[in-house]
Amino acid sequence: MDFDLAERELDLRELCATFAKREIAPVAAQAWEDQRCPTELLRAMGELGLLGLLIPERWGGIGMSTVGFVAAMEEIGHADQSIAAAWQAHTTIGSLPLLTFGTDSQRERWLRPLAEGTVLGAFGLTEPDAGSDARGIATRAVRGDGGWVINGRKAFISNAGTDMSYGVTLLARTDDGADERATYGSFIVEKDTEGFTMGPKMRGIGWKALDTRELYFDDVWVPDEQLLGDPALGLNQFLSTLEVGRISIAALSISLTQAVLDLALAYAKERRQFGRPISEFQAIQFKLADIATELEASRALTYYAAFLRDAGRPFRKEAAMAKLKASRTAAWAASEAVQIHGGIGYMLESPIARFYCDSKVLEIGEGTNEIQHLVIARALGC
Amino acid sequence: MSLQTHTIEDFRRDVRGWIDSNEVAELRELEHPRHRSLRLHLRFGAWIGDDDNPLHDAWKLWVERHQRDGYICPWWPTMAGGRGWDPIQQMVWTEELAAAGMPRVSRGLGEHLVGPAVFLHGNDEQRSRFLPPIIDGSDIYIQGFSEPDAGSDLANLRTTGVVDGDDLIITGQKVWTTVGLIGNRMFLLCRTNPQAPRHRGISFVLIDLVGDANIDVRPTRQMTGESEFTEEFLTEARAPLANVIGGLDNGWRVTMSTLGLERGGDATTAHLALAAQLGNVIEMARALGRSAEPVLRQEIIRSHIDIELMRFGGARVGGIIAAAINGDVAMQQEIERVASASKLTGAEVEQRIADLAIRVRGMEGLVRPDGDGYRTDQMQYELLWSRALTIQGGSAEIQRNILAERALGLPKDPAAV
Amino acid sequence: MSLQTHTIEDFRRDVRGWIDSNEVAELRELEHPRHRSLRLHLRFGAWIGDDDNPLHDAWKLWVERHQRDGYICPWWPTMAGGRGWDPIQQMVWTEELAAAGMPRVSRGLGEHLVGPAVFLHGNDEQRSRFLPPIIDGSDIYIQGFSEPDAGSDLANLRTTGVVDGDDLIITGQKVWTTVGLIGNRMFLLCRTNPQAPRHRGISFVLIDLVGDANIDVRPTRQMTGESEFTEEFLTEARAPLANVIGGLDNGWRVTMSTLGLERGGDATTAHLALAAQLGNVIEMARALGRSAEPVLRQEIIRSHIDIELMRFGGARVGGIIAAAINGDVAMQQEIERVASASKLTGAEVEQRIADLAIRVRGMEGLVRPDGDGYRTDQMQYELLWSRALTIQGGSAEIQRNILAERALGLPKDPAAV
Amino acid sequence: MDFDLAERELDLRELCATFAKREIAPVAAQAWEDQRCPTELLRAMGELGLLGLLIPERWGGIGMSTVGFVAAMEEIGHADQSIAAAWQAHTTIGSLPLLTFGTDSQRERWLRPLAEGTVLGAFGLTEPDAGSDARGIATRAVRGDGGWVINGRKAFISNAGTDMSYGVTLLARTDDGADERATYGSFIVEKDTEGFTMGPKMRGIGWKALDTRELYFDDVWVPDEQLLGDPALGLNQFLSTLEVGRISIAALSISLTQAVLDLALAYAKERRQFGRPISEFQAIQFKLADIATELEASRALTYYAAFLRDAGRPFRKEAAMAKLKASRTAAWAASEAVQIHGGIGYMLESPIARFYCDSKVLEIGEGTNEIQHLVIARALGC
């Protein structure tokens, strides 16, 4: 066994640490306060190659391992969760379907700019009324005019509405409803396409600098070349390409836990009560030790899932476990860290409050933790 | 032979009758989420801003009817202008108002902290000077207890009070003051004898905020986006010595006994709000078709069980408070114990319910509503607000530690947080 | 005006007086850990084995004094031979016995389940035939409810009862029977109408275990090393139809109402045992010089808070039971709700305290005492025994699920464990 | 990163799996019931080289990595916790002080038989009244008759009283009590030494097949060559060689969690209620998924600590974390697994009850979890 990062991964981590510290940390609080996606930072990340992290060099990326991606996320997410969330949405679900299902000419046209970091990627899966079961989506694409006509509505879509967005790749049902078996396809819709509109930026409890919107498709026509892969693909086959998203949220979660641990630790060493730094009180020490321990366990599990993906082995169960464990740890740790801070931690402007608010989505996004439980139970043979 | 008594039900019938005859139906509208901020102010005793609101007249009418029939601060002793209700009666009153959808007319901290401090520890002159303006709503009090270095460790307070002729000159900073912008007066603790041991040498003072008060009240913004709390800077602010309640340097005792009563009062009714919040979660689960999900049900019922137990605890505290208002010190300690238990459980249950609500609701629950300012909807507000519950007024850890000493006689160790 | 009543204190004085005059001091010795097994038997109504024990005579004297003054099954209605005490009185009785260090004279399941089934649902003939032998201690009952496939899902029971002339012929297997070896009689549920829906067609029957009963009682050994539970094999065992309580096929109703009462009774006093266990942990922590350890204190006080809340809950249930004994069915449902809440909380608190005890004690706590057989000391016993508390009599999950339906009206889903 | 075992480690794991299944599993329940340490099994393990696992070949061992040791423990402990406990006590604290502090001639004489598996190793640290702070030990060794005279008492000592035991290595204070700084030394005491006696085998709640006793030293004289290392060594320096014991208990814990998960899963698939296998009920599925997730996290963390040791880096904090996390998970998982079993799980003879009883010591032994918290907090700078 070897828990060390490879040299290339270490270099990447170093790069991200520097960028996070110099570029992200100084502006993160303001972007959160302004509820604005700082695309200038994402463009800068693109220039460093960070937007093509998981994409091979052939298509403009840097062909990094999943392990390296997790390591990079640890640095980015430690500085700011919103920017990390935008970055990971771009890097995973925003780009990978194009890599997996695209033809070479599609990759050249749409994937390369994503990987080179000139535009921001988005993927449209969730719908307002579909609940957490992707099978329930109502958006449909039907054959028409030598292409496809798309109608429907998507919700909670990240990265589609910024000044750096090119459009969206979305999932739609392609059967006519009469078939026994539902089929699904995904389609590239560029931003100025007729009939494609979107709502205002949603205002969240956390992730406030992330651009998230509802997207509306009203008789949107796209040519065949904007269909990605086989329109008769089953859903599971398709969704499996998104499983790395769970690793990504797990990585985001561990970066948050590390951030709140660092903040709580620093505060506890500085804050004095009853004449001593509160870090000397056993109750505080135990809390900090517990957070550090659960963090280290979550981290090891997350890297394990990433390793499995890199090794080309099945990682569905482990990715679900990593997501479940790391997000639950993050939400709990953020709450404990606020508790350690006392009143100051409850102020909206405090960094710990920002991370606390950001922590809430981790247990719900990218498949609720209820879903992760079911995925794991199924893998156990239940 | 049975010890049961049915007079509670007689009382309940009377109360229900009064509410039926006097209710102002428009006020049911106050339950709407858009009035949350207003409701918060009303809970603290003031209708602030929003005077154009058509409900304002309805509210005034409802208050007048209370005043006419003596239903303001009804649990205060009759000598203080109340009806001398015991807490079981209060609980019935609160339950019946809730059942009718009518808001309770509260005089806020004036009713729950200043009033008891004055009628338990004040002299006759202070009673006649301070109590009537609380009842008639002209004095709205805010609380000046916590300081930057005196939160959980309240006795560590640094604000000084120096005697100067007939006045006390007060300088220091207060934080974590609930809705501090709505008050015209403040009750505060300051150190009037720096030589005395920590818990002695502290005085409990009432002071004016309006006019040339030398008190700067600054709003701060909390996680919820609201300014539930403010901070105050006092720079040689003056209060007459006649405003010191319970005598100079005796403020700690005054505070402990009245805080105990306040917590006791909260304990009698705390389950009602929790039950309502849990009810909302259940409604939400039903609406989303999730009410049959087994694991969700298990979590819902866990909270329900804690609320049920709190309900019974509330009734118990009720009995004790009645005795304590008559000045029984041993009873005050018993209230403190029981009320702490209820507060600690309640805070954690509330956090759990708020968290459950968000999980039941999914992504939708994380999107804040449109509108000006920093809006949150009710469940979001509860999620964020509930985070403060184990911090404010002494952290849960400190409170459990105090309980370990007082209720179980474990060795004293104030530093053993 | 105040609704408080002080007659509880009068009652307490009377009880204390009786105990003072009648106590048999030697019985304090029963508290010693070496008598645990005996205590368990006494709790279930029988002095079994150990007849040479010098305490046996003391016990007989103590029981005779109870019988002389009518203090056996004192909460039974007077028509059933009791004193008609309400549960608050019972609670006072239990508290005062505990304070005096005297054991409660219990008639076990005869007192708590069979008696109520008979006086609530039996006919006059059954009352006069079955109740007196319970009171005088000649009939000791064990419970035949659970089966291999009917634990949490009790209505799934398979034991059959076939009418044959004036008899019922019963065949099947019962498990999870508490201290089954001590009884001379069993009350059981069997299916007398296989065509009826699950909850109908079940009968509640009393049957003899002695003589040629065709009932084989086999001990099993549990984690504690004790045989707290037995299993029974019934092969065409005969009981007269006149022993069916509440009528053929009506056993489910009989069971639910009496189980509710039993749980209600438990709920009124459950906090006492827990408080004692927590007290032992605190003593242990003191003895080991660990009572000032902050994190330990936090855990201790958490359990204390739950126990306090249960104490109040107990008092509340008390009031309701009084009404239910007079046959008020709505009240019975309320008891069931409240008692379930108390049982569920109590089970988890007991597990938590038992676990805490072992952690406070360290390695010493894991070493079983010397002596014959499979010995465990009191804390070890509690640790292992407490593990059964969320399993026996319906798992905690099932119980919460039932509560979700009954108390909160969530959709019915028996399979939604 | 690489989470795979090396070939040699894999071979070892395979060997242990076979041995556990064929030799341990069939007799474990009986040995537990009889409360007897099955030294015949330990001798057989010795023949396979398993008793010299962490000892270099030069001294008769097989020089396995710590990672390989954890992997081997996963198999042994899965079959039985008592035997695994005896084995790990021998392999870690029973042997390692001789390796670390022994001279070559001491290693030849005492370590080689331990490593070759002909005798069983024990280490005497804990004392009845010393609490959990090793600094409080009262056993003393004083200079006398050209050697050392030892007086004192040790408690909860594993492996010293079997028919395979050679004696014990024990820790004693070597200062005369007048010095400011306490010094400690350890001494080899063979079993027939005059004045060295022991109590009967203790009867535990769990680990019933493990031989654990009190040891009494009454003017026990040993020659200088039975002194191990420098008698003026500080305690911490000495105890640090025992830190691998924490990894060992963590490994034992994950083996228990895996065992109870397997038992609960098998039972849930077989047991029917309300007309369905209970494994189909969501509440059961969630419990199983939670156990599997926490197990995987504990496992990854334990291997991480082992990896650090193998890499020659500091691992004190991570070993404490692994012990804390894995033992807590094991105790909780065992309880949940009993709950899933219902009544049958509460029977003394059921396998799940055996593991449940065994789980209790994990949180207490080898430094209570309170101690682990403090070690971690200190490492965090509190």
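Chains: A, B, C and D, in written order; residue numbering restarts at 1 for each.
The rule is short, and it goes like this: contacts are C-beta pairs under 8 Å (C-beta built on N, C-alpha and C of every residue); 3 or more make two chains touch, one makes a residue touch a chain.
Remember, it's a predicted structure, so these values are computed and weren't measured experimentally.
Asks: Quick check: more C-beta contact pairs in B-D or A-B?
Replies: A-B
Asks: Which option, A-C, B-D or A-B, should count as the same interface as C-D once over half of the contact pairs match?
Replies: Within A-C, B-D or A-B, the interface duplicating C-D belongs to A-B.
Asks: For chain B and chain D, what's the span in angstrom between their mean Cα positions?
Replies: Result: the chain centres lie 54 Å from each other.
Asks: Distance-wise, how many Å sit between the C-alpha centres of chain A and chain B, to the nearest whole number?
Replies: It comes to 42 Å between the two C-alpha centres.
Asks: Residues touching two or more other chains, restricted to chain D: which are they?
Replies: Expected reply: 281-284, 286, 373.
Asks: Scan chain B for residues touching two or more other chains and write them down.
Replies: Within chain B, residues 293-295, 298, 397, 416-417 contact more than one other chain.
Asks: Quick check: in the complex, which residue numbers of chain A touch chain C?
Replies: Against chain C, the touching part of chain A is residues 281-283, 286.
Asks: Which bits of chain C are touching chain D when the two form their complex?
Replies: By the definition above, chain C touches chain D via 146, 149, 151-153, 156, 175-176, 220-225, 229, 288, 293, 295, 351, 358-359, 362-363, 365-368, 370, 374-376, 380, 383-384, 387-388, 390-392, 395-397, 414-417.
Asks: In their complex, what parts of chain C are in touch with chain A?
Replies: Of all residues in chain C, those touching chain A are 293-295, 298.
Asks: In the complex, go through chain D and note every residue touching chain A.
Replies: Residues of chain D touching chain A: 1-6, 67, 265, 268-269, 279-280, 284-286, 288-290, 292-294, 296-298, 300-301, 303-304, 306-308, 311, 318, 321, 324-325, 372-374, 376-377, 380-382.
Asks: Which of the residues in chain B end up touching chain C in this complex?
Replies: 1-5, 7-8, 11, 84-86, 88-89, 282, 291-294, 297-298, 300-302, 304-306, 308-313, 315-316, 319, 322-323, 337-338, 341-342, 344-345, 397, 400-401, 403-404, 407-408, 410-411, 413, 416-417
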